[in-house]
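One chain, subunit A, links the two complexes that follow: it is found with subunit B in the first and with subunit C in the second.
On to the complex of A and B.
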């Protein structure tokens, strides 16, 4: 009885503490986002005109500039062609999402489901390949592209992203490992070929991992900056990431508006499919 | 007597005559029958060979001499033609291009270009790259050559056992069934080879050349330089000093970020899973928001936030304090702590999501049992939760460590334009990967860059292998399969 008496206020205290910490943590995560969103609706562009975190006045001017690209503070029109950057990003991300997912899913399925001589070797090879700094290959590709004048082609990043995607097959393999083999054995007795088994049995069962893969394959090029920075050096070929990096302090609200515009679709996507994201992440992690 | 002699000669004459007649007859019949006999001879020979070829393993040897020849005797004509075309194509390639490329890979070009005289010299980089591609082609050819022999051998065994070998159409069908894995893996393997393996080998080779900012191919020739770049890194000098300073900070950074992010992420997961907390879905939205925002936006935003004209300095000024040059040239440790903070902001949500998923798999009976036994909350966490989560996430910790070790973004955005004194084209917050970028992309010192890439690989692979092999997840890998 004594124990219970003393623990009741203590329990309230911990509950309050939990709420306080949670609110603080959420504030830390939310605050920069709020700041960026507010700044995107700022009436003035430069960060030096701000009252601390808050813009001096609000307007939709920056978004107008972003989409129409007609006027600028200096009257320059082609300085920051945001819509072009946006379309470039969209093309690269969509193409990578399609090609990369296709390669990645099929590779992971085969490694998970088939026993063949080179299987172990391939897995070890992928492990070793993953340990090289991704940067190393990029530098080499950059040197090659400069030597052969292949820079400024959207296909460069698309091919790099999607062909190197299968190296990260482990998450998807973990998922396929969890599909019971008895399903396949039954199918084989019925004389179903492996290809048919793949797209009639495996694919319908793999919706979560498919969503996860498409999403990761899409968001990676969507938010990557190193590769496009190296391979796309013409202003008209920039992706949004590269373009936004070139904005100076005085174009702060343009940076924010551009960021909001590119972040909103991806954030919405994440919230809609966050269930799949968590499933995909844990599936890969637990199985290794 | 005379009679005897006459008889003798008559007999002799007869014998000789007969002999000649016989000879004539034989000669005639020989020539008359020659075509038939020859034909019969060759038919016989053919039948013997055929007998051997059909009922033995000899066609396998033929396949080893000319690709596809053995398949002809297996009556797999389409396959034979394809193999033969591969061999012809390969020989043509080697004669007209491959030979030059291979020798170019060894010499890296011998003809110096001269723009004044208009001489087009050798492009060392192109030769090196095409040499590598030739090596890949040779490897693929060797694979096909062996597969050709193996295919012939297998088909022979099928035939010798009295069964019918697969038809070409059947072979194609097998590519969707028995050999489905080959079909599927072909494109990813080629893609990874061309866009990942070849570039990496190329960069490794560059590390052993003298390709630095002073040389500009195709005008200048590049040459092999052995271990010179490694000597520059490990010898005495500015580059060597910079390397060890950056390496020290890089290891510290990797350990700090991995530990901080892991425990904050785990803590967040426990916090947002707490039974005392209502409205979990709402609160969990904030880390997911942070997770979903592209990293470059966050990092650029933090750069703006800590910049000299940024909001934090605005408030410092407002309250009468001096502005702090958070990311400036002299603010080594401030910038480093900001880097740690920014990195935690960016990466903890993913670990939180991961840990949430793993915690939901945790068996709650264990806690009840522990509570009955009187174990404290802390002890429960330490003895049950932590081992379980650590066990489940060992691969993640390793990949986190490696990606933190090679975390390019944070300091590229925060202090990308700063060059500290005492460092060779680097800032005092740079990680090896940032230095690598500055050295190779900004300064075109590709050979040193390549050498550093190799060192980064060696360091990360040793660390991760050590951790990985010792981890329980690895030891029990087979139980998962």
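On to the complex of A and C.
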């Protein structure tokens, strides 16, 4: 074997170059976040008197206004009920995470474990449907919600998110495919029913994909704008994304504070369960 | 014989329909009687009605809406009728909410927004002569909310509440210290720069040059069609002919409109490139409060924003002024001045310091008012609400609380002098009323493109595109043609 003498310095050079590029890319992505965070803590509550990019002084005034919902003008009228919007977002995201996960996992499990007549066609149909952008069906969704009295009702977006979730079953199916069939055959010989096999065998083995599914089902409605904007017209039913978008130009600092606060739970979640996330995603992606 | 009967038949049929008259009257029956039959005044049959009122955010913020609703609920408690905040976005489109039962019963929006609901019959014709405010509102105000689009008759679809038109906001404390000696030629104790555009131009030029381009005189977004179209109207342009109803007659190049367009180009030269950027509409409050610019134009509903932004700057503990709240309020009262717009040069040359003849500036304006949703189940209660909300006492409170200009003459006379001036502007035609037809939406983008181009040209050092009046005229003719094509090409 011929050893390349220049390989070590070349490797170092490549590593340094990679690090430099990574740092630059990270900075490019991080800078807007940093700016939003600093703007949220702006002492004057306005972004138009910054010295260059950054506020001249800092305070918690904007967060105080954000949580009380009042404006400077009236001092006692709750114009922007952020905490109500936050609660609505939490309810929609949690309910979607539970119902959507249930539907998605059971769909993926059935497709993975059972052979039935229309299985292939269903798989292909779901794949094709998944290729269409969600907003294509918005008019139909709106009309359906008017007929089912789901306008201005948190159940509207919850049901829409949950029922469309099973279309993206492929990652979960990939994970279930990786569980050896022999386990199920042994369970069947012992007289275990299909549901019990799912409950007692599949679920305990599927923690990574479960966490991944719950998290993705939670984050989608947490940050979505289009569907709640369409279905929730009453201001007391707004989610944070819709509420923040309705703030006037003069409330940009409140917008920044609202954006920073809404990001906190999701960032924490990702930090704590990122291990499962990666496991779930990679395990599901290996086999299709 | 057969032939003559063949021709006679359609004529007979047409004549049996009869000509439509004003206010819903027509030969062969009173249409208005039929249309207004739902407004029978019987509140008893609407007992227990809950009216959803869509008001603007300013009314909510200031607490006025609460006062209005409380007052109405108290007055109509005997009928069990209550009015509540619809709690919807102030720009909610009735077309997308009304038919599905989630819209408001009563809406407060600008005339162009309200009148776009008329062809689709989303709002009801209103028997406005039954309202207490009827005789006090200017006829121009009523005409703004009048349409003959439905029922082959003319009906009024809204009740005027307040007039919106650009005003001049300037800071007295930023006037030059020698203004009484050098900037008050007619010695009327009013600075020349707020009286004529030519003086404002000279002062803006002086400020920009002496500060090295960090301070400005007059500044605003020069491509904002709503605010700058007026410069063209001043010299005879118009959007649609026949009282803004003929969409085949586009007149943005008519009269001496080229002078107005030249004004946009010339004045941009004494601003900076922010005049070609709409974000200055949001930053303008701070620019005036920080003293970066001396004056700007905006509509009366923004007054509160100027005051609060200015106060924030004055009381900022790390800022230049470091005032207490009381000191700041006093300072604002003394130094933030709101007045009518300076006059325009008759010869159309704003750069001419020796011009002595000036004409009033005509600006685009609108009227905000109330309408009743066609989807309401309680028309009588809605009419009662309109009567209450547009009564003298309530509109006085609204005018004072929200610092708006009332559409009622009796109120314009007793509130602030500027309100009287605005009312007179409406009466004498120096407010060009925003067309109340949906084709207006096709005017804004084309106009904005040309105005942005003119403003950019004013900031150029060379390679000018509009350096002669002929080139400007050609651009205006193209604008009129573009608007016409946008409306009619696909019809």
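Operating definition for what follows: the second predicted complex is superposed on the first by the 252 of 288 C-alpha atoms of A that agree within 3 Å, B and C clash if a C-alpha of one lies under 4 Å from a C-alpha of the other, contacts with A are read in each partner's own complex, and residues count from 1 in each chain.
What we mean here is this: a residue touches a chain if its C-beta (ideal position, glycine included) is under 8 Å from a C-beta of that chain, and two chains touch if they have at least 3 such contacts.
Please read these numbers as outputs of a predicted model, since none were measured by experiment.
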{"item": "Partner chain in contact with A:259 - subunit B first, subunit C second, else both or neither", "value": "first"}
{"item": "First, second, both or neither for A:152, with subunit B first and subunit C second", "value": "second"}
{"item": "First (subunit B), second (subunit C), both or neither touched by A:236", "value": "second"}
{"item": "First (subunit B), second (subunit C), both or neither touched by A:167", "value": "first"}
{"item": "Touching partner for A:249 - first (subunit B), second (subunit C), both, neither", "value": "both"}
{"item": "First, second, both or neither for A:36, with subunit B first and subunit C second", "value": "first"}
{"item": "Touched partner set for A:14, first subunit B, second subunit C, both or neither", "value": "first"}
{"item": "Subunit B versus subunit C as contact partner of A:109, first or second or both or neither", "value": "first"}
{"item": "Subunit A residues touched - subunit C or subunit B, whichever exceeds", "value": "B"}
{"item": "Set of subunit A residues, in rising order, touched by both subunit B and subunit C", "value": "48, 249, 252"}
{"item": "Residue numbers on subunit C that touch subunit A, as the complex places them", "value": "57, 60-63, 66, 87-89, 92, 97, 100-102, 281-283, 285-287, 290, 304-305, 308-309, 312-313, 316, 318-319"}
{"item": "Of all residues in subunit A, those that touch subunit C in their complex", "value": "43-46, 48-49, 56-57, 71-74, 76-77, 79, 146, 151-152, 233-236, 246, 248-250, 252"}
{"item": "Subunit A partner contacts - residues on subunit B that touch it in the complex", "value": "123, 125-126, 129, 173, 176-178, 180-181, 183-185, 187-188, 191-192, 194-200, 202-203, 206, 217-218, 268, 271-272, 274, 276-277, 283, 285-298, 300-302, 304-305, 307, 309-311, 314-315, 318, 345, 349-350, 353-354, 356-358, 361, 392-396, 399, 402, 406, 408-409, 413, 433, 436-437, 440-441, 446, 449-450, 453, 456-457, 460-461, 464, 473-474, 477, 480-481"}
{"item": "Parts of subunit A lying in touch with subunit B, wherever the complex brings them together", "value": "14-15, 18-19, 21-22, 25-26, 28-30, 32-33, 35-36, 47-48, 50-53, 103, 106-107, 109-110, 114, 116, 122, 128-144, 147-148, 159-160, 162-164, 166-167, 170, 177, 193-196, 198, 219, 222-226, 230, 241, 244-245, 249, 252, 255-256, 259, 262-263, 266-267, 269-271, 274, 277-279, 281-282, 285-288"}
